[in-house]
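In the two assemblies presented below, subunit A is common to both, partnered first by subunit B and then by subunit C.
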Partner chain A sequence: MIEIKNLSKSYGKKDALLDVNLTLSQGEIVGLFGENGAGKTTLLKCVLGYLRHQGTVTLDGEPITRSNIQRLSFATCEHSFFPALSPAGHRDFYRMHFPRWREKRFQGLMDFFELPMDRPAGKLSTGQKNQLEVILALCQGADYILMDEPFAGNDVFNREDFYKVLLGILEPTETVLLSTHLLEEVEHFIGRAVLLRQGRVVGDVTTEELEDSGRTLMDYVKETYRYRSDRVRKALSELTGEEER
Partner chain B sequence: MKKMGNSFSQWIERQVPPGLDWWTEVKWAVSGLAVGALWSLVAFFYQFSNACRRLYDWVGGKSVLVESRTIDPFPELLVQAMAGLLLGMLLTIPLACYHYAYYYLGSRSIYVMRRLPDRWELWRRCLMVPVLLAAVCLLAIELLTFGYFLVFLLVTPDPCLPQEPWQQLLYALGGGRI
Partner chain C sequence: MNKHLSVLGLWARQTMGKILALLAVMAAAETALFAWALSQGLTRDIMDNQTCPAPVEDLFDFAKIDWVYRIAVILLFVLLILSGTELKGGRLGYTLRRLRISEEAAVLWQSGYHMVCLALLWAVQAALALGFCLWYAGTTDPAYISDQSAFLAFYRSGFLHGLLPLANVLRWGYIMISGVALGITSAMFGYHQRHGRKGIAGFVALALTLWTYAVPAGELGIIGSTSVMLAVVTIWQLFTLWMAWKGGGIDEEDGK
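The block that comes next holds the complex of A and B.
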């Protein structure tokens, strides 16, 4: 279980995260939502220890250090592969460093997405780069797979394929924390949604709770964010100079 | 031989950032070393021949050794001779910086490196080749210094040698006057 307690992070005077408390149990698929600048990426990077922060992050009660960080993997839209290395080269590198590397899963996903094994990662198309990024995160052998907008640039069919494959291959012990804007797309894929706003957790709900209350994830998000549905109409009328009728 | 070449390439691939074109780096390093050594030879022998010339006077159209003269101290003959190799040593610093910056070029592969169970992997892949190159440059400097000293000892006429030449060698090997 990943436990985040009183996590705060600021960039200069700007608070990026403020007193975040969150628990991720093994086997959960959690969506992390929030507008741009809400702190989603910062939260993931703090969990991974890439950013200095206040508060604590523990993995099964232990701080995250070199001894247990291999239980976490990360797929990011910034990409974390080695651009000059081919997928085959990545496989060799990961196999050498991560003892729980999932060879069969890697081969299966590479075949499914028809990715070339010997072309340098940097020369793949944007969609293929994203696929390789996610494949590596899924095959590292981690228990907790953190993803930050991993499908930015992929077409909708491609993303849907990925969600389906993901649901099919994940083992009950594997946890996914997926940061994305694509609310409606992932609604049926996640089991829980966490909403961030201005660095604070403003919502945390399971899809079961949503179903019970007869709301969609989008309803919940709008409600939590106090979304004003008349905002666009008002802005348009102001911009075009038309009187409201 | 081919097997040895293969195991060398496998070994060096593990000492540089993954996917880095190490072969180009090796070619540059060998070329730099050759140029540095060549520069050293030219600079030393130019200084040494000038120093030897100063031991002689022209008398009646003939070059005559003035035995009361002493040749320039050995470390002074090395001034400039090691400049190329010293520059090579210094260039290993930006090379190490480039190896680190490599993890930020085109992607953020630093994230993977910082997630590896072996905490030294990142630093080994950044520093191993620059440190080895610096060591090779240093070794070349010391070997050339020793070689030059033998030339100094054997070619300089005995009466013109300094009183304790070996001390000058130790001084030079320690980096004196380079």
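The block that comes next holds the complex of A and C.
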């Protein structure tokens, strides 16, 4: 279990995260939502220990250090692979460093997405780079797979394929924390949604609770963010009025 | 040990092809320039308005072999530093921080690999220089050359002496120090860049090394003082790495 307690992070005078408390149990698929700048990426990087922060992050009660970081993997839209290395080169290298490397899963996913095994990763298309990034994160044998907007740049069919494949291959012990803007697309894929706003957790709900209350994820998000649906209409009428004058 | 060797392999796989291509281009360019210099029939004035074939070091100067070598050193340096940076996109630092060895250990392996690459460049250049001397000896009137011609050229020419300093122990020491300094500072450039800092030490070491390539054989003061400067830069970089390792290697991304 990953436990985040009183996590705060600031960039200079700007608070990126404020007193975040969150628990991720093994086997969950959690969506992490929020506007740009809400702190989603910062939260993931703090969990991975990439950023200095206040508060604690523990994995099964232990702080996350070099000794247990391999139980976490990370897929980011910034891409964490080596651009000059081919997928086959990555496989050979990762095998040495991630002892629980999932060879069968790697081969299966590479075949499914028809990625070239010997082309340098940096020369793949944006969509293919995203696919490789996610494949590498899924195959490291990690218990907790953190994903930060992993499908930015992929087409809708491709993303849908990926969600389906993910649901099919994930083992009950694997946990996914997926940060994305694509609410409706992941609604049926996730089991729980966490909402961030201005660095704070403002919502945390399971999809079961949503179903019971007859709301969609989008309804929940709008309600939590106090989204004013008449805002656009008002703005348009004001703008139109100005133009008429 | 395998996990360490795999990191060494990681750096080699990323750059070895490009480095071999660079060496081939350098060898081809120098061979063409030296052949052109040989074809010019260069001479040197001797007493009573008489001339003799120019000594081999004049041909090296005329063909600007030292400039080709300098350019090759700069290109190699750029190739090496780019392999560890995130300047071309991607955040390979995220993966380097999750390996079975520390990122700092990976940087040390990268430094070692860079030193091997620099040594390879030096060895190819030294072999080319000796080959050109043999070529010169085979095409020049035997009356004007002796067994000592190449030996003397490697003392008289600052570039050739800097390459193979013969019995000049201080200069051999300098070659070693500059190789170690360039290897470590070039690897550290990527490390600093990945952590949101600027790694100018590599460029300081490169500038110092390039400046002293063609220093004449007798200039021991320049070589000695530059060696000290390179050693200081290198020790400072290693100290930075050690401090980061002690601190757990946490990212300093705030500045990015």
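In the analysis below, the second predicted complex is superposed on the first by the 241 of 245 C-alpha atoms of A that agree within 3 Å, B and C clash if a C-alpha of one lies under 4 Å from a C-alpha of the other, contacts with A are read in each partner's own complex, and residues count from 1 in each chain.
The working rule: a residue touches a chain if its C-beta (ideal position, glycine included) is under 8 Å from a C-beta of that chain, and two chains touch if they have at least 3 such contacts.
Small disclaimer: the values here were computed from a predicted structure and weren't measured.
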Query = Given the superposition on subunit A, are subunit B and subunit C in a clash or a fit?
reply = clash
Request  = Go through the superposed model and pick first if A:Leu48 touches only subunit B, second if only subunit C, both, or neither.
outcome  = both
Query = After superposition on the shared chain, which partner residues are touched by A:Tyr11: those of subunit B (first), subunit C (second), both, or neither?
reply = second
Task = In the overlay, answer first, second, both or neither for which of subunit B and subunit C A:Val156 touches.
result = neither
Inquiry  = I'd like to know which partner A:Ala235 touches here: subunit B for first, subunit C for second, both or neither.
reply    = neither
Request  = Quick one: classify A:Gly89 as touching subunit B (first), subunit C (second), both or neither.
outcome  = both
Inquiry  = Going by the contact rule set out at the top, does A:Ser67 touch subunit B (first), subunit C (second), both, or neither?
reply    = first
Inquiry  = When the complexes are fitted on the C-alpha atoms of A, one of 6-14, 24-32, 42-50 or 240-248 in subunit C overlaps subunit B. Which is it?
reply    = 6-14
Note = On subunit A, the footprints of subunit B and subunit C overlap at residues 48-50, 66, 69-70, 72-74, 76, 78-85, 89, 93, 97, 122
Residues of subunit C touching subunit A in the complex = 2-3, 6, 9-10, 13-15, 83, 88-95, 97-100, 102, 248, 250-254
Remark   = subunit A residues touching subunit B in their complex are 48-50, 66-67, 69-70, 72-74, 76, 78-85, 89-90, 93, 97-98, 120-122
Remark   = Listed in rising order, the residues of subunit B that touch subunit A in the complex are 17-21, 105-112, 114-119, 121
Query = Which part of subunit A faces subunit C closely enough to touch in the complex?
reply = 11-12, 45, 48-52, 65-66, 69-70, 72-74, 76, 78-85, 89, 92-93, 96-97, 122
